Structures are given as structure tokens and as C-alpha cells.
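Just below sit the structures, each encoded as C-alpha cells.
There are two complexes below, and they share chain A, which is joined by chain B in the first and by chain C in the second.
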Partner chain A sequence: MASRPRKRRKALGGLAPIAFISLGLYTLWVIYPVFASATLSLTDARTNRQTMSFVGLENYTRMFSDPRLGRTFAFTLIVTILVTLVSNVGGVLFAMMLNNQAKNYKVMRTLAFIPQVLSGVVVAFMWRMMFNQNGLINSSALKYGWLDAPINWLGTREMATFCVCVTVAWASTAFCTVVYMAGLQSVPPELMDAARVDGAGPIKRFFNVTWPMLAPATTTCVVLGLIGALKLYDILAVLTSGGPANSTNSLAYYVIAVAFGNGHTGYGAALGILLLVLTAAVSAIATRILRKRETNL
Partner chain B sequence: MNAKLASRSGRLAGGWVVTAVFCFPIYLAVVNAFKANAQIKSDPLGLPNPFTFSNVITALSRPDHLIQTGLVNSVVITSATVALLIPLSSATSLWLFERSARVKGILTGIFALGLMIPPQVGLQPTVQVLKAMGLMNTYPGLVLVGISGGYFAFAVFVYVGFLHTVPKEILDSARVDGAGDLRVWWSIVMPLMRPATITVAIFVGLWTWNDFLGPLIILGPTQGQTITVAMYLSLGASAVSTDYGQVYAITLIAALIPLIAYLFCQREFVAGLTSGAAKG
Partner chain C sequence: MKRPTNVLVAGLAVAFLLAAGCSNDSDSNVPGSQDESRSSEPVEITVLVTESEANTAEFWDASIAAASAKVPGVTVKKIVSIGDEYPGQLRASGQLPDVLGQVNVDDLHDTLMPYDEAWLEENFLFWESGVYSDGNVYTPSTGTQIVPLVFYNKTIFADNGISVPKTWSEFLDVVAKLRAAGVTPIEMAGGEGWAADIGMVGAVTTDVLGKDPEWIQKLKAGEAKFSDADFVGAVQKMIDLVEAGAYDPAALSADYSAANQNFLDGKSGMYPMGSWFIGKGYLTDEQAENIGVFLWPSDNGTAYLPTVAGGTFAVNKESPNAEVAMEWAKAWATNQESYKPLIENDAAFILLKNASLADLGVDVTPLYMEGYELATGDAATSVPSFRWTGGKNAIPSTVADGFMGMAQAVFTNSDAAALCADLDAQWAAAQ
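So, the complex of A and B:
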């Protein structure tokens, strides 16, 4: 009996070839590109010329004088923070509302989870059709007299930013609802009954029982929400293409525009590294804070 | 008693109102796909009257067959990615599960990075490698990147997480029979890991189907595209599209297959989404 674990340690060596092939592919398509990007970011490489030379940190110092990067950074943070906040609050409330075994609620859950399976492109087209100058929101509001003049939803900085946040938050609320729903089902009913017996009202029960019990779900939703918002690309491409006047150009969107649109390989790589550092920092900090909260249960 | 009944029906009504508001964009896309443009303009919120398939027919009778080609390409690319990723990642996970704590720790850390790295970061070198291999602008190139990137890391987390829940005695007894390692993996452990495989298949399938940036860059605009990118190419990046019926019809066509899959295997979908999300 005692020798068995020792034997098992060396076990399944026959799978090593498959594992090594997989690890090789993973290195080639995930690890190598990051280091290669870091290297490229130290050069003046461009797609329209054959040669490149080492320029040190020039691409990084160039960021400080890039007139677009300030707004890009601000927009990225606004969308990331707002979307994470709204989709988590909305997700918890929605999940609590739909957490019922009756048949009606089952149908509601089926409907509410749909955005989760739609692509960003589909989601963005659905909302673009509503936000258009003569889209559904404007035409209905004018028809029923809720508005005197059409609102240029996607045409101004503030409104376009708002529209992007609404669209992304909608899709990510559906995701958070799914996760929080699973979290709610793991809250022991005895705990709720005990709180009820102690005379705790619904609000007190939420903050003292439900919300702390949802801590692991919150970690999942917040961390994945932050990472998802930081790498967001498809919704921006369809909804605003980064406009008007560069106002909804996120860092992830800008990386692609510089690298593949302008062909500035070196600078694009440097912006990519900036995105990587930002994502790593944000997800590490969020994970640390939220995990601590989980253990405080 | 009456108060309790009233509060219950109040909650039910509230639930329906919130759900209806939340799903309103979906309702609009569905009803407007089957209306003539004139009715979309005059009555955007109402049900189709008369009901028409003309938008769908127009979308499917484009001379370039962008939509049909896109659907076929998406089905082929998604199936190939899922079918290759499952054996690769499950075998790697089982192998990893049997390694020492140190090897496990290092590799888990490296895979965790893969989940976090935004796809934009390494895309330029990825394109360079694909070009060097002669796989740029090809379907095999897109599938190869798909099976070995972040999706692979995700699959390993799901499988290894699941293996921790399998009683050790079962894995042990599998080995006593003297079956070869490949047989232990494929005939004994794989059936045990079915729930994890379903989770991986749902997630990776959905992500591959819905991916935009990968096919956009790797396949390029001149190649036959996936349905997600084809939709973007056919409807244009500009916010001014006049043929609303077209936009709605193509939106519906692009969403149809994931939607049907979701409605038919809802239980697996939700279970997969929640367990997978906890891993990711």
C-alpha cells in the first residue's frame, strides 16, 4: 500500500510525447511571442522596410509625447472600472431575482443568459442598430415624443464612451449573473434561516450572509471582468472604430491600429508590452485583495 | 396569507419586467430580421407584419456567398480546434497531474500566464512565425494558434481541477490491470473526465466561433472568413448602414448556431459556464 504512491509518481510516462508536443506548441504560440514582442519593442521595426535597428527605450519614451495615449489610457480605465462595477452589481441583483426553482424563473434564466453565448460582434451590431442616428432609440423616442431632437449617441466623446460602456456592461452582466447564480446556490439555506430567526431584515441578511458567501464568485467576476475589459477589441471595432476623434480608442484597440494599421511594428510592440504590464498589475492586485476577502469568511 | 401571495406575484412580475428589459436588444434583433425595411422604420418595436424572409434570402444570395462560406468556415475551424485541443490538453493534464509538486507548480504558473495575456500582445511575432512556416492566411494556421494558446491553458486548468476530484483509488486501479499508458488515458480516464471535456468543448467552441481578432488578422480580409468576421466585413465598420433588414438578418444568422446549441444543451452550458468560469 505504501509503495503505491511512489510508483504512481513515475506513472503515465507514455503520455510524455503528447505532453511535450503540447508544451512545445504552447511555448511557440504563447511564451515566445511575448519575448519576441519585448525584443521588437526595442527596435524601430516597421512593416514597410526590411531593416531594423536597436533604439533602446525610444519607443517607451515616445509614449509620453504621444498625444493620443492620454485619452486612450483614460478611456481604457473608465470602461474597465465602470463595466466591472456595473456588471457585478447588476449580476448580483439579477441572480438574486432569478434564484427561484419555479418554472417561470427557469424561463427567465434561459433568456437572461443568452448574451453570454453571443459574440462581441453580434452584441455590438445589436446595440449599434439602436444607437444609430436614425436607430431604434432615436426613432422611437421621437415618435412617442420623448425627445425633441435626435441624440447623436455615437457622435460625441461622452455619448460614445457611454454607449461602449452600456454595450460591454450588458454582455458582461449576463456572464456575472451566471456565476453569481451558481454562487447563490451554494449558500446554505440553514444560514439564511438562522439569520432570519435572529431577526435580520432582508438588507442585513444580504450584507451579513449572502454577500460574504458570494466572495469566490465575486473574485471570478471581477478578475475576469477586468481582464476581459482590458483586452476588449470586437465591440469597439463594430460600435465606434475608436472614434469619434480617437475618444473610444482603448489601449488594446490602439495596439492593433498602430501595429497592423500603421505598420509601426516597434512602437506597436511597446504598446503591447504596456498593455501586458497593465493587465498583469490590475489582475494581480485584484486577485490579491479579493482572495484575502475570501479567506476572511 | 394574502400578503404572502401578493409579494410572491409581485416578485414574479418584477422578475419578468427586468428580464424583458434586459433581453430587449435580442427581441429587436429577432423581430426586425423578419420585417421589411419600411416597417423597421415606421414600427421598429412591433412584431413583423407582414412576416417576411426577404432579409434572410437577400443575405444568403449575395454574389460573394460571404455568409454561407462564413458559416461553413466557422463550423470547420471550430470543430477542428475542439477536436484537436481535447486530446492534446487532456493527455497533457493527466501527465502533469502525475508529476512532482515542483514541476506541477512551475507549469501551472506558466499556464496561468497564458490565461491572462491579452491576445494583442504577441500577435505581431505570431504573424511572423506563421509567415515563416507558410501558414499565414491559412485555416491550419488559425487552428494551430487556437489549439495551443490561451484556450489550451484554460483546458489544462479544467482537466487538472477535475482530476483532483477523481478518487485516487480509481486512477490506481486503472493502472493495476497492466494497460498501457495511452489506453489508461483514452479508455479509462477520458470517460471519467466527461464533464470536464464537455466544459472544455463548450468554452473553446464558443470562444473559437465568436473570436474576431484572430481570424481577422490571421486569415486576412481576402481569405474566406469565419462568420463572425464575415459579418463585420459585409456590414462595414461605418455606423451608417441604411439596409437595416440586412444588418438584423445577418446578425441573427451569425448568432443562430451558438444560440440553438445553447437552447438544446442548456443544462450542460450553464454547468460548463459556471465550473469553467471558476477555473478561469
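So, the complex of A and C:
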């Protein structure tokens, strides 16, 4: 009996180097860059200047008088809300349709997941080929006489925002579908049977049994969806290049434009810190709310 | 309670050791050690290039090899740019290459090495046009492009009895006639900011810089503003074109390749684009035969030539191999073989003193010669092409970005004065 704690200590001792290395790498690759960015955000650093000075919180106060940041923030918020909503609703619907053990459904499940494994650049390029002036949608609709003139998909702020939401939601719905399908597997069949015996129809069974049992899957999909949408960059860079007239700049896109396009690295770093804080806060709040729902199960 | 503290301390120690390891590594590249080793060991320099349909990877590899052969002991590591922000990203991370192709001099001039004037004078025509506001030349003017030229479809013009316009009012008449004929009057790659603003570049260059070639210098000195009447007037012309139905309603959804294809397929009558469009990288000989070219029209018919006299390579003066890099860049710039593909595929109008087109043995179309005569003849007054030009007339990326956005914004915002005031605000923020 006396040897058990010694064995445990020995096992922990064996893991210690791995823990040290992990902590060291985490410090080097995560904590240090964040700390360096926070420090840079307190300076007037620019790429076309050799020197930089400490400016305190000037870069942060500048955000309040930056009109482009306001538009950027609004666009990011709209895309985040719409994409999270659409991909979760779509994910649940597809998951329920594909929740079948038959062999052909397995193939369909694999196909449903493909958009998620594609790179954002590929996804955006594909959709750009469809939304382009002579793209698949316009050319097909014109060919069959459904349209008299091509639709200006990417040419107005509203339409471009819509196209961004469709593209991002298409990719993230695939992820939600897989997560919700896993969630559906964990719904005990007895509960469904009991509900049926009690006379509950399909809609009642969904809202009273299935949906509550999907709470952990919802937490995963919503939180990761929010984080992904807030950090959106690659799809915008390829699909709209932030246009027209800079109307589809997300916060992440704007950070890159300010820091490297305009060369204002100090202000860009401050915007990066804003994005970090915003993402952390939104994720924490969403997790807290959704976890409460999980504990009510 | 001791264990977490120990783990934290040990972790931090590992991090610092790793960081120290990285520092030691980079310390071995101090300038002195490189310079001392140059005489006996080969030197590798990094060269940033931009690859395109016309300037392909094969072209760069061949021309880099040719230049390297002229500088003994030098090997080149080619780095391909991934966008306009890339040089800034590389600089911010301390990785700015030794030699830089097609960079915004205004953004990077303080880290660039000037070329010596005697060498420029000996080798290039009009090299003075590349002088930056501090009096130095950071990229030799190896060639020039005209941005924009207005290309037109000869068949469509002939079929509708349209002759080449020389004044703005004649240009508006052409737009009206093409529209009446059911042809999209002006092609536009509006989905890409750099291409969307080409027409606006023409209007601003002609109406603002045509009247006052020093206008950008005045802007930099605080003596001019975007909200000046001439600039607002040029933007208003773009709004007038949109309202006159000069563009396809979905023009802002067209990317560059779609716009090129539309024009070549005869879906549109005119296409303001850079002179590179004449190159064989974009046109076949057969297509070139049906295309004519004219300059962006001014109000009174005075012909202005919006030139982008620019070179290719700038040299990073902070590089430990700066002198070798400069030697290599000069070797590239004076190597005649480097220019043949640039002329044939990208339609560059070469400004070499010691070589004519015949000397270079290039195969070009009559359309190229038409453009070349415009670019090098006396028929038009040469003015710097707004937003595209380098040297002292370069503008910061942030303002260039705003200008490109404005060219798209005129499709939904018809308040030219407000748009220009917004650009003034961006200019102020960029200072």
C-alpha cells in the first residue's frame, strides 16, 4: 500500500519535463507575442519609421474617432450574428436529416463535412466564381431567361455582406452538422420512446427532448462559430478584398490593412488587442450562458 | 503549493533558454562577419518579386540567373510577394529582403539605398522622373507604363459610326452612342480596387495633374487638398459616367480576368486599362488587330500622357549585403535580356539609353507600336499617373487604398465633395 503514492509521484515526475516544455512553448508562442503586441500598441510604431515613441493609450482613444473602425465593427457584428445563427439552424436540420445508420447516409455525412475541411481561400475562390459578374449563378440565370441582367452580387455593401454570410455559413454549417450529429447519437432512444408513448408529435419531441439534449453540441457550435466569425479574414481577402469601397472589412481584415497596408503597426497592434479582448469576452459570455443551459439538463 | 511555482519557473526558464538560443543564432549574422566572409565565400541575397500572368516564375528565374552570372559569388533566394502588404509585413518582422521589386517607395524610402546619378545618367532615359522628394532615386526608371490608356473595339466603333474622342464632351457622346447601340460603353474590373480606379486615375491625372503637375507636391506641403475644385470635378465626372449608364450594372462584381474577357469578346466598347494590356501576356495578335487606343480625353482636347516611370528593384540599405545587393540590382537593370519578356508580355516601354527595340529583337504587335509612339513621342504632355506613379509623386498606401475605395463608392454615393473630404481625412490620418 505504501508504494502507491510513491508510484504516483514517480509517474508525475516522469511527466514533469513534458509539462515544462509545454509551458515554455506556450510562453514563447502565446504569452510573449500577446505581451509584445500589447507593448507595441502603446507606441506610435510605423513600418516606414526607424524609431518609435511611447504614446500611452493614444492608440486606444484614437479608435473612438476612427469612422472606418465603426463601419468595420458593425460589419463584423452583422456577419458574426447571422453566420452563427444560420450555421447552427442549418447544422441541426442537416444533422437530423442525415441521422440515419444506412450505408448511403454515411457517404452523405462525409460529403456534408467536406466544406469544413476545405481551406477558407479555396471556399472563397469557389464562391467568387459563382458570384462573379459572369459567374455560374448569373450566367445560368441569364442563359435560361430567369434574369434580364446580371445581379451585382459583390457590387453593393448589402449584397456583398449577404454573399460573405452565405460563404462563411456554408463552410461553418458543415462543422455544425457533424457536431450536432454526434449530439444526436447521445440522445437516449428510451427518452424518445417515452415521449412517443406520451403522445408527443415530432415537433414536440424535438423541442422537449432532442433540442435540450443537444445543449453541449450547441455550446461547442455557437462558441466556436462566434470565434471563427470574429476572426474572419481569409474568405474576405479572396471573395471581396474588403470591398466595395471597404464595406466588407472585418476587424481582423482591418488590423492587417492598418498594420501592414498603411504601416501603422502601433495602431494595428491596438486593434489586434481589441479583437483579442472582444473575442475572449464574447466567448466567455456565450460559454457561461450556454453552460447554464447544459446544467439544466 | 510548491509544485505549480516550480513548474512555472522551469517553464519560463525553458522559454528564455529557447529565446536565448534564437538570439544567439541571429547574432551570427552580424554585418561585419558577412562582409569579412564576402571575399572568400559566396553571398546569398534575397530578392522579392511579384509574379503575374506576364511576369511569370520562369521569367524571373531566367532574368535572376542572368543577373547573378554578372556578379561573381552571388546567389539569389527568390521570394514571391503575396500582396501589397507583404513588404510591410516582412519589414515589421525584421525580414525585409535585400532587393525589393515593385514596392511603394513612399512607404519604405527610409530603408532604401539610393542609386548613384552617374550610373542612372549613363544607362537610362528620363531617369529624373524617378527622383523621390528627398532628391534620391530608389528605383531606376528602367521602363514606363501608361495608366490609363483607353482601348476601344475597332469593329464596334466602325459599325456605329463612332470616331475616336479627343475631348470630354466627345467622350460622353461616344458613351451615349454605344449605350444606344446596346453595347456596354465602358468595361470595368470593378471587383478589384486596383482596377476599379483606373478610369478615375485617368480623370484625376488629366484634370488635376494635367493643369498642375506639381499638385501632389503641393498636397504633401499642405497647399492643396482632395476637396479642391479640380479634384472634386474629376470625381464628379466618374459619378456622371455611372449615372449615364456607362458601366455594366454588375461592373463591381467583375474581376480583372472577367473584364478582360468581356472586352475581348466584344461585350463592351471601351476599356481604360494600363498599357500592359497591349502585351502578348494578355492579347493574341489576332485580338490586338481589332483594338485601337487613345488617351483619356481632357475638357479642351489637350492630350496628356499619364506615365508611371518606374523601375523594378530597390535595395534595402539595412541589409548586411547592401553593397552586393546594389551591384546585383544594377546588373539586373542593365541586362538587356531581362527586358525582352517584359516588353513582349507586359508591354513595358523600355527607357534604356543603350538599346533600341530593334537591338533587343522583340516581337511586338502594331498595337504595341501605337502605344510606344504615344509613350515616347511628342504628341502628348507627359504627367505623372496619379496613385500609380512612384518617386516623389508616390502617395501613402492608406490614401491609395481610400482612392480605390472611392472609385467603387461612386456607384452608390453621388456626393463627390463628401467623398473627397473623406479622402482628405484619410490623408491627414496617414501623416
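Here is the rule we use: the second predicted complex is superposed on the first by the 283 of 297 C-alpha atoms of A that agree within 3 Å, B and C clash if a C-alpha of one lies under 4 Å from a C-alpha of the other, contacts with A are read in each partner's own complex, and residues count from 1 in each chain.
Note that contacts are C-beta pairs under 8 Å (C-beta built on N, C-alpha and C of every residue); 3 or more make two chains touch, one makes a residue touch a chain.
Fair warning: this is a prediction, and the values are worked out from it, not measured in the lab.
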Exercise. Please indicate which partner A:132 is in contact with in the superposed arrangement: first for chain B, second for chain C, both, or neither.
Key: both
Practice problem: Determine, under the contact definition given at the top, whether A:28 touches first (chain B), second (chain C), both, or neither. | Solution: both
Quiz prompt | Contacts of A:19 with chain B and chain C, given as first, second, both or neither | solution = both
Practice problem: Give one of first, second, both or neither to describe whether A:256 is in contact with chain B, with chain C, with both, or with none. | Solution: both
Practice problem: Please work out whether A:43 is in contact with chain B alone, chain C alone, both, or neither, and reply first, second, both or neither. | Solution: neither
Quiz item: Any idea whether chain B or chain C touches more of chain A?
Solution: B
Quiz item: Given the touch rule stated above, what does A:245 touch, chain B (first), chain C (second), both, or neither?
Solution: second
Quiz prompt | Touching partner for A:265 - first (chain B), second (chain C), both, neither | solution = both
Practice problem: Using the touch definition from the top, say if A:152 reaches chain B (first), chain C (second), both or neither. | Solution: second
Exercise. Indicate the residue numbers of chain A shared between its chain B interface and its chain C interface, in ascending order.
Key: 16, 19, 21-23, 25-26, 28, 32, 128, 132-134, 154, 240-241, 256, 259-260, 265
Quiz item: How about chain C: which of its residues touch chain A in the complex?
Solution: 7-8, 10-15, 17-19, 84-86, 88-89, 91-92, 106-111, 190-193, 196, 248-255, 258, 261-262, 396-398, 401-402, 405-406, 408-409, 411-413, 425, 430
Practice problem: Quick one: which bits of chain B touch chain A in the complex? Just the residue numbers, please. | Solution: 11-12, 14-16, 18-19, 22-23, 25-26, 28-29, 32, 41, 44-45, 87-89, 91-92, 94-96, 98, 100, 107, 110-111, 113-114, 116-126, 128-129, 144-145, 147-150, 152-153, 171-172, 175, 180-182, 184-185, 206, 209-213, 217, 228-229, 231-232, 235, 237-241, 244, 247-248, 250-251, 254-255, 258-259, 261-263, 266, 269-270, 273-274, 277-278, 280
Self-check item: Residues of chain A touching chain B in the complex
Solution: 4, 8-16, 18-19, 21-23, 25-26, 28-34, 36-37, 40, 94, 97-98, 100, 102, 104-105, 108-122, 125-130, 132-134, 136, 139-140, 154, 170, 173, 175, 178-179, 181-182, 216, 220, 224, 227, 230-231, 233-234, 237-241, 252, 255-256, 259-260, 265, 268-269, 272-273, 275-276, 279-280, 283
Self-check item: chain C-facing residues of chain A, complex
Solution: 16, 19-28, 32, 47-50, 67, 128, 131-135, 138, 149-157, 240-241, 243-246, 256-257, 259-265
